[in-house]
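Take this structure, written in structure tokens, and hold onto it; I'll ask about it next.
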Amino acid sequence: MRPSGRSLSQLRDIRFEPGFSKYAEGSCMVRFGGTHVLCTATIEEKAPPFLKGTGSGWITAEYGMLPRATHTRTDREAARGKQTGRTQEIQRLIGRSLRAVMDLKILGERQIRIDCDVIQADGGTRTTAITGSYVALYQALSSLVEKDILKQLPMTDQVAAVSCGIYEGHPVLDLDYAEDSTAEADANFVLTGRGGIVEIQATAEKSPFSEPDFHALLELAREGVDVLVGLQRKALGI
Amino acid sequence: MRPSGRSLSQLRDIRFEPGFSKYAEGSCMVRFGGTHVLCTATIEEKAPPFLKGTGSGWITAEYGMLPRATHTRTDREAARGKQTGRTQEIQRLIGRSLRAVMDLKILGERQIRIDCDVIQADGGTRTTAITGSYVALYQALSSLVEKDILKQLPMTDQVAAVSCGIYEGHPVLDLDYAEDSTAEADANFVLTGRGGIVEIQATAEKSPFSEPDFHALLELAREGVDVLVGLQRKALGI
Amino acid sequence: MRPSGRSLSQLRDIRFEPGFSKYAEGSCMVRFGGTHVLCTATIEEKAPPFLKGTGSGWITAEYGMLPRATHTRTDREAARGKQTGRTQEIQRLIGRSLRAVMDLKILGERQIRIDCDVIQADGGTRTTAITGSYVALYQALSSLVEKDILKQLPMTDQVAAVSCGIYEGHPVLDLDYAEDSTAEADANFVLTGRGGIVEIQATAEKSPFSEPDFHALLELAREGVDVLVGLQRKALGI
Amino acid sequence: MRPSGRSLSQLRDIRFEPGFSKYAEGSCMVRFGGTHVLCTATIEEKAPPFLKGTGSGWITAEYGMLPRATHTRTDREAARGKQTGRTQEIQRLIGRSLRAVMDLKILGERQIRIDCDVIQADGGTRTTAITGSYVALYQALSSLVEKDILKQLPMTDQVAAVSCGIYEGHPVLDLDYAEDSTAEADANFVLTGRGGIVEIQATAEKSPFSEPDFHALLELAREGVDVLVGLQRKALGI
Amino acid sequence: MRPSGRSLSQLRDIRFEPGFSKYAEGSCMVRFGGTHVLCTATIEEKAPPFLKGTGSGWITAEYGMLPRATHTRTDREAARGKQTGRTQEIQRLIGRSLRAVMDLKILGERQIRIDCDVIQADGGTRTTAITGSYVALYQALSSLVEKDILKQLPMTDQVAAVSCGIYEGHPVLDLDYAEDSTAEADANFVLTGRGGIVEIQATAEKSPFSEPDFHALLELAREGVDVLVGLQRKALGI
Amino acid sequence: MRPSGRSLSQLRDIRFEPGFSKYAEGSCMVRFGGTHVLCTATIEEKAPPFLKGTGSGWITAEYGMLPRATHTRTDREAARGKQTGRTQEIQRLIGRSLRAVMDLKILGERQIRIDCDVIQADGGTRTTAITGSYVALYQALSSLVEKDILKQLPMTDQVAAVSCGIYEGHPVLDLDYAEDSTAEADANFVLTGRGGIVEIQATAEKSPFSEPDFHALLELAREGVDVLVGLQRKALGI
């Protein structure tokens, strides 16, 4: 029934390529099927001004999409001179999601900048970005532990994200573009390895949906994230 | 236990003042306790370019906050030369929420612009804005029916919104600023009069929260929205 | 003869509502008939950089208009990404007008930010804003005296403003929108309680006007401001 | 008493160099002492959108200052990415002043763009710009008459401008920078050849000033403008 | 002597991966050693306004760099709200270089947009981008011929580019970052397959250089481009 | 054969007017025929942040064009809110060219800002600007020596620039607008008094050009610059 032939609760082919970047302290090329996102983590030995003197650090994220990552070309945000509301919404979400599994006191007064750049888009770029960013962030933080700058990894849990939606009346896991563009409802779930909820964003695309539908989506997401956190660990060798 | 002395499932004092504006086709000053938002609806007899020739119309929204609506002054976005990511996120949410209860084909090729301006902020400005905008939009659409420009009201349901959160370990309804700033989790629910879900945005503020907690918040929201849609009807005399 | 039925030298219904804002150190909702402006005064314990080390303070002002304050909707400046020339002109005028009755040495190295937001516009928004800002500023400065931060009120006089114009050949006081949009000449006068001139801006709208016409406008303004400063004192209870 | 040794009612050395630009339809390098402004007039055979179909034309103006036109370097507005409030105020004033002596119906649906660029600034740049722009505009309009595009010159009067101020207690004409920077009051007068008032902008710089002082300034301005319009005619050979 | 151990006239390892993008009409991931640039070509069936009615088409280019393509992170241009002068210089160069080998009349009134995004930067990004863009452009144009939209390929020659420089006193071909950052002179050559010069940009980095030095650089470039155009043909199978 | 009647290797009428500006530390109005550029040099006793603590100074340049410097009016960059790519390219070139003949260590931690404003444009504005800026810079630096702030002039050579091109098949020196707009190739050469190359920018305008053509252009440029540096010395009296 799904355009891709997947079963209702089947993820796309998921691949993590940690250490993709030659220069970044942490990086991961993550692919959810045809959606490819390059995530890098850059360590800055200075916290943002609002944290000065608090002993705490920060994780921030930026998100971008190459102009021809999509079916038809999208205007380059740098050329337009501003980021769209969608871009800003996504990069705020990525930052919040990662901070939810951080102990920012242990990180200390430094900042990790996450950059998520969509090389190719086939639905679910924000959830792909969050899932890959965890890997890039883990790498960067590990490097601080290896260099004895930090005594322990300042992470409290794993985090991953996946989209679900109501497609032709059925709850399905991990929407691709063909499904996403016609889904009746679309939800993004950011969940932790131990089962906590970090963020839920559920949106009716055509008409309001019911609570039972919503519960079905949440259940699918839980299953999907369980697979994703396993793959993250495998990619990181932990 | 709540700073305001309210019970866990008690809304603030809610007031709708429809027809507040001398000029707008629809308007409502809405107050959720100390949060005051002026919502206006402006009818434009021209749909946005991407709908040209489709026979469908559009609802769009903008959101702003007076610089001293808050405890400490916030920079004026017009002076800074751009809207923050938060503002863009909120105005996109308001537009989506209202469109979810519209039949845009019946509206025809015209656009309604909703403006939500926060005169005073004490938590929950986005949910207050959605709830009041429904009233302003209803007024504007009614005026089109009264003038025989439309044969029927192009709305399929009522819509209202409320925030809930985990405050000192307890699920509470309709957070004010004192609660919002220290809540463990914060969720905004946009629901319809007939029980449908339009949008859910739930965010862990400090650490991930559990599914049972989430369900408690959804239940509170359902109760709150039932009250709000009743008050909307009363304000509109329908 | 006037659309509103007022006599040539009659002000509109003038109302001051000091302390309108829950948060601001000083505030006043001021209404000149259908023109409603919310003025707030925010105290900052830091002077602008160009005054550093001089012992003097500063008063600055910003001005905005809600998009649907007007008959037809005006684009939101924050969304357009810049303030219009008109807005900048007005906010510079408000700042200069208030500074003209200040002793900035007595104020010391701090800054008062005035925000004037037009909730509804029916002509004369800039003069209304100046007249109401005086009240908000007075409140804010009084609070500094009450807290013993200042030994005395750093004001040297009262200031108020009013517009006059040539309407259908007659000099009239306090133009509303119906008059303003067809007036032959339009002038804004900012005058002090003791009779000084702070600012005069007189503009021929259609064709140049004569010196005697100008003198008639100035005389009307003097009468109007005398009433306004009385109402300011009454509102402030001084 | 004046730093320049001029008498109280003496203009600076005034020079008009019409036809300064090789390309513009009208142009004038105008010098008021050390203040040098290049004014050009460009004819566009298309009125601005808001006049489409009205049969009327428009005059608009832009103003700029070379970065090192001043004692210390001023940031280049093109590099800063926006025009200051002062610049916008001045260019709006220039446009209004010229339109006040135009019959825009006779001009027809075309637009004249005036550009005033300050090559060197020594006080009074806005009044110098208005006075020189009249000459550039006259040239451009004459060329339309010569080419039989217009049957008659669409001007109803001459216009010129001059600043006056209270300097060390005395009303003086045509302030230079040394006077302007310490004057107690500063006023710009835009007057017509036949004695009409186009615009008055009077500002108290330190403390409010009196009505008699203001009248003295207006009288000086009248004398100054009478000289300036004579020099304009001489420069244009009319 | 070179940090990479290459001989003075040796190119880096050059790789072309045509058809890299799933969506673009033409694309090529091009790698000059550690410099990796994704080039895509997007066909638009509309020429830019200035060519309307001329029967001619256009090639335009945009250039960007991922924030962590470099040793230390570079600010994202979309976040800063504008493109740097360097970016604009490079994208203008890419567009000119490709147009130099086009017959824009044969292309007809359509536009090809080239996007060059640097995934990893190790010197020579602009020359790498030009060389890869030729391949992407060729693919896109071939698709128009295959679909019988064009009768023939509207290209008159091949084009490729390479940098050369004076490094520790020696002319060297194809600078990598280690060389580029300390070179005495740096030159970019855009040359055609048949030996024509399209663009030369030579810059003294520390002190002026001599004509003989310049000629040595040009000779090296000629040799390098001969290799590059051969590799382009091989990648395209032509 | 040339529109101006000049011989192939003949410069236009070249004039330097040093000390043109009343305020700038160095200035020169330079004219290459109908191209007139006002160059000023402003001394700032503070180096840019990236040089702090290095003991070195900096030369930076900005470039602008009056809106009606050209045949048809060009939009004012300050009004458009950003500088074009062309402007940025030119101002970067001017800065690099001047720095190439500076000993920035001797200059010490200060910055000279060069402003080049085109009053009238008839081709070759960037080369004219470089040639005139040298004179303005020399004046400013001399003033530092005269005041004993510097012990010696921190310049290592003279620098001047000229454009050459292939016009109707012939290499010609110093293109004016009539030639520039139809030339087959266009090259800008920045050369030093002692024969060094500072910068070469050569561009094929229609189709690629040959190496012999390029060499002919370089030879012409050498001759032209020899004349220009002589005129610079004469203007400076050195």
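As written, the chain order gives the labels A, B, C, D, E and F, with residue 1 at the start of each chain.
The definition used in the following text is that contacts are C-beta pairs under 8 Å (C-beta built on N, C-alpha and C of every residue); 3 or more make two chains touch, one makes a residue touch a chain.
Values in this document were obtained by computation on a predicted structure and should not be read as measured data.
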Chain at maximum distance from subunit A, centres defined as averaged CA atoms: D
Same-site or different-site touching of subunit E by its copy subunit F, using the half cut: same
Mean-CA-position distance for subunit E and subunit A (Å): 33
Inter-centroid spacing, subunit F versus subunit B (mean Cα positions, whole Å): 59
Whole-Å separation of chain centres (CA-atom averages), subunit B against subunit D: 51
Sequence positions of subunit D contacting 2 or more other chains: 81-82
Topology of the chain contact graph, where touching chains are joined (line, ring, star, complete, other): ring
Round-the-ring chain order [start: subunit D; next: subunit F]: D, F, E, A, B, C
Subunit C residues within the subunit D interface of the complex: 82, 84-86, 88-89, 91-92, 96, 100-101, 156-157, 187, 191-192, 194-204, 207-211, 213-214, 218
Subunit D to subunit F touching residues, read off their complex: 21-24, 27, 34, 38, 40, 42, 62, 64, 66-73, 76-83, 87, 113, 115, 117, 119-120, 122
